[in-house]
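Next, two complexes with chain A in common: one pairs it with chain B, the other with chain C.
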Partner chain A sequence: MAFTLDEFHQCIFDLYEQSKKLHDRWQLIETTKGSYLIYSFIDTNCLKYDFHIVFSESYSVPVLYFNISHLDGSLLSLDDIWKLFIHKKNSNMYETITQQEHPILHRPFFVLHPCHTENLLRKVAEQSIKKRFLFWLSIYGQSIGLPLSINYAID
Partner chain B sequence: MTTLKFTPYSSALDTGFWHELTRRKLDIYRLDSSDRSIYGYYSNDANDNMPALFNVDHRYFDENNEISNQQQQYSVNGTLKLVNTIEEFKTFDIDSALKSESNILWNDFIQGNTLENPQKLNRFYLLIFADLKKYIYYYWFAFPTFLVPTSFYLLNPIQSIGERFSIDEITAITKTLESNQLHACCLHRQENLSFSIVSLKQAVQYLNKQSQLASEYIFIVNDPSTDPIYPGWPVRNLLTLLYYHLCSVEQLNIICWRERFRDGHRYVNHSLYLQLKPESISNIGDTIPSSTGWEKNERQRLGSRQVNLSTSMNPIHLAETAVGLNLKLMKWRLAPEIDLETLEKTCCLLLGAGTLGCNVARCLMGWGIKHITFVDNSRISYSNPVRQTLFTFQDSCENKPKAQAAADALKIIYPGIKSTGYDLTIPMPGHTVGDSTMEKVKEDVNLLHDLIRQHDVIFLLTDSRESRWLPTVIGAVEQKIVLCCAVGFDSYVIIRHGIPTKDLDSSSSSSTTTYKNFLPGHKLGCYFCNDIVAPGDSSIDRTLDQQCTVTRPGISMMASALSVELLVSIIQHPLRGQCPASIHADHEESIPETVSCLGIVPHTIRSFLSRYSTVLPTGEAFSQCVACSSIVRKAFEDDGFSFLLQVFNDLNYLENLTGLRAMQLATDLNDIIELSDDEEI
Partner chain C sequence: MSTIESDKTESKTVNFDETNLSPTRPSGDSENDGKIVFLLKAAGGAPILKKKKWALPRSKTIGHIVEFLKKYMQLDVEQQKQLFLYVNQTFAPAFDTTIGAVNDCFNSEGILVLHYTFTPAWG
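Up next, the complex of A and B:
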């Protein structure tokens, strides 16, 4: 159910490779403090969305960090973010947005709290790690506007 | 002939850039404001109607940083100038800076460097001043380009390549460019409808030898613009470059290459096709032409921009947000009906900054309460820090006044707190006031009254019974929420005072309602309601250990914590301080009127540590109470200080006033069950 660090690395590397083939925007950043994936895009309202997939050591699961900023680099507040996602906001217990320091970049990011991830992953326990990873990403990602092409699910 | 016009860049900075800039300024650059190399990039894959963005990222500070070869990101070299003062920023010589940056660009153009390496088609200059106290960043971008030629003449109207080329041709072009990483290059049309890539340098050489073959060559440049008729800056610079190097070419074909990816498919038909009549500018020689390129600000004027990042960078802001978020999370996940906003605005007055005061303050902060005022007349002594959790050993060495030290300690824990301390002695019944001290006592009374008026909640946390009398009276008159907390060696009591109704005429004799299950808020008693003797000077005849309350250390923590939790429950109840209390609170079924979203709101909490037991009695207001009865309140409102003076100086005055004296005389003392709180050891 949980991911090992190696499995996580494998998943993000695979996603990055697939992304290159699809000419999508995932970027793989490897640092001495850890590796993570970034997806960035700018929407029609000139808001920049940055999504980071980082590994949580304590929960042994991937975690989705994100920030939404204006083009001058200023960040949206939590209230602004709630307003943006109000139509998606439901009582789904899997998603709780909180703000934390990014474990590698050490600056504030919003994060979908990972405490329920393991529970969620239990539903697909028998699947391959790649499928479990995509399952997690598609559920957590869609609640905060991360576009994920169906092509990633096609081998 | 129509002329070609261009879309300038729109700068875009990422949050990480500002963080990294700040870090470098503090750790590396310090006061050194010399020019530095920096990199930015633009892409050619934006959606319709997006501006032509020029991005600067946190990764692009110097060459040694890995400039990842991201697809569709074309790097640009630039110069960063980080000045040290706002004056330097405002008086900066923008003309020279632009000139020097343009020189670099021009030299690369004319010396052939750009033809060899098309990455040099663009440059930028970035002027910044960072106000690191307020976290406001002032910045201004310049994207140099030249004012020669004055016009770019088009031979034909601008078309998209979808309009100009056949599907096969577009497919061939796309295929040829598939692995191309260059910022600009040239396509040479071959016999069999295919194309081959030629570098800019080679293309220029061929064309200069055989200018009549111009129609076979199409120059390709990545274009950040999405506008259907205005290409971006790289196109303009490419044309300037070509107009310098080409001679006698009658026709120049350009594709402003734009791509878009959806679900793995590449779309390019929206790229622009231009056919221009070039005008040679090589006669300029070595003179550097005039340039332009400072970015206009948000109001379309030539001026700098600024961004305020204090909410995401100022640590005090960050602490505030984190504390608030913590409470909100509790609300969202566990107690959705809880009203955190009212809590935050509640102003609390803590009378006593000792063991109880320190712990109550800590707990209030945990709930997000921001306004805490301390009142205490003593100084920190050596025995205090181990129990009084806001003080340190150093404080006791300096013998600091407690109220102020407590207020300061709160600010160190959380800078967003609004805390103050008053060194004030609360005048007490039975503690005589002489003529010499009368004015001072009067001032103290007035100050206390003002403080009570200005706050929403009063905590009675002092170390004697009599010091609680005056605040009880004033609190009742001002209709404030009063929480009284008293501790004994191994017991404690917490009472929320009833809030009597304003009309003083309705004495208890006229109210005939008997309350079966709960008492309404105005009928609840206060700390003194169970006493039939007035509070006197309890410090006389007490030994040293009795003069300061010594308790089992855990008692104070428990009592303080419960007092705050009780307060929060009170505030959550729609009637707040007027919230009723169930008469049999210990019983299972709670009555809906007495319950808030956090549970029951008892009147009194009494705990005994020796048995680890707690009871929740409910006390009714006593019509002859020495503190909260209508007689006393009326006397205070009518006669003010002169009434108080009599109370302070004459031990029997209160008992006479309330009729307690008469009651005592009429009663056989042996039959009395002692009901007063005994906090004295």
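Up next, the complex of A and C:
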């Protein structure tokens, strides 16, 4: 159910390669402290979204960190974020969004808490590691407005 | 896994326009009157539907199907469950993705298979 660090690296590398083929904008950052993926864009309301996929050592799963800021650089507060997502989604999603220090950048980010990730991954336990990663990303990403083209699911 | 009895829609009102979402007879055609035929399969402990085969116009979205299923299965807010639809056994398309787009990528021999499962509320 859990991911090893090597499996995580393989998955983010594969996603990065796929992103290049699809002319999408995932970036792969490799540092001595760890590797992660970034997806950034500015929406029609002039809000800048930054999504990071980072590995959680303690849960052995990928975790989605994010920040949303105005173009002047000021970050949205947790209240602002709640308002944003409640209006976007017509389904009821009671997310655990908390603010934590990004494990590599050491600055505050909002994060979808990984405590239920293993539960979710159990539903696709028999699939390949790449498919399980995509499953996780498609579900967690949906709830916070991460655009993920259906083309990523095509082998 | 429990089976949802089809007579439950008679005892409780389903306040939803069902004219666009109707069960179909099995057929070899991929589209009936421009509609996409799809099969709903339960996964991860979700209840099995008696009617598994459905048809919808191409322009209907994944979100539309999720909302319909939640009402059809009578999932109320108190159950604190989120229903997810996924394709190719591992990808949950965004709610605004049209079923036409999903069908074009993933239908197999004229049928689109969609799995559905619940996840617990996240927090």
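Everything that follows uses one rule, which is that the second predicted complex is superposed on the first by the 146 of 155 C-alpha atoms of A that agree within 3 Å, B and C clash if a C-alpha of one lies under 4 Å from a C-alpha of the other, contacts with A are read in each partner's own complex, and residues count from 1 in each chain.
Everything below uses one rule, namely that a contact is a pair of C-beta atoms (placed from the backbone, for glycine too) under 8 Å apart; a residue touches a chain by one contact, two chains touch by 3 or more.
Predicted model, so just to flag it, every value in this text is computed and none were measured.
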Partner chain in contact with A:His116 - chain B first, chain C second, else both or neither: second
Which superposed partner A:Phe13 touches (first chain B, second chain C, both, neither): neither
Chain B versus chain C as contact partner of A:Val124, first or second or both or neither: second
Contacts of A:Tyr59 with chain B and chain C, given as first, second, both or neither: neither
Partner chain in contact with A:Phe85 - chain B first, chain C second, else both or neither: neither
Which of chain B and chain C A:Ile150 touches, first, second, both or neither: both
First (chain B), second (chain C), both or neither touched by A:Leu75: first
Touched partner set for A:Thr96, first chain B, second chain C, both or neither: both
Shared chain A contacts, counted only where both chain B and chain C touch the same residue: 96, 150-151
Of all residues in chain A, those that touch chain B in their complex: 20-24, 27, 42, 44, 46, 48, 50, 67, 69-75, 77-78, 96, 98-99, 105, 107-108, 149-151
Complex contacts: residues of chain B adjacent to chain A: 10-19, 46-47, 49-51, 53, 68, 70-72, 137, 261, 263-264, 266, 305, 307-309, 311-313, 318, 321-322, 325, 329, 332-333
List of chain A residues in touch with chain C within their complex: 89-96, 112-113, 116, 119-120, 122-124, 127, 131-132, 134-135, 138-139, 142-143, 147-148, 150-154
Contact set on chain C toward chain A in their complex: 43-44, 63, 66-67, 70, 77, 80, 82-84, 86-95, 97, 101-102, 105-106, 117, 119-123
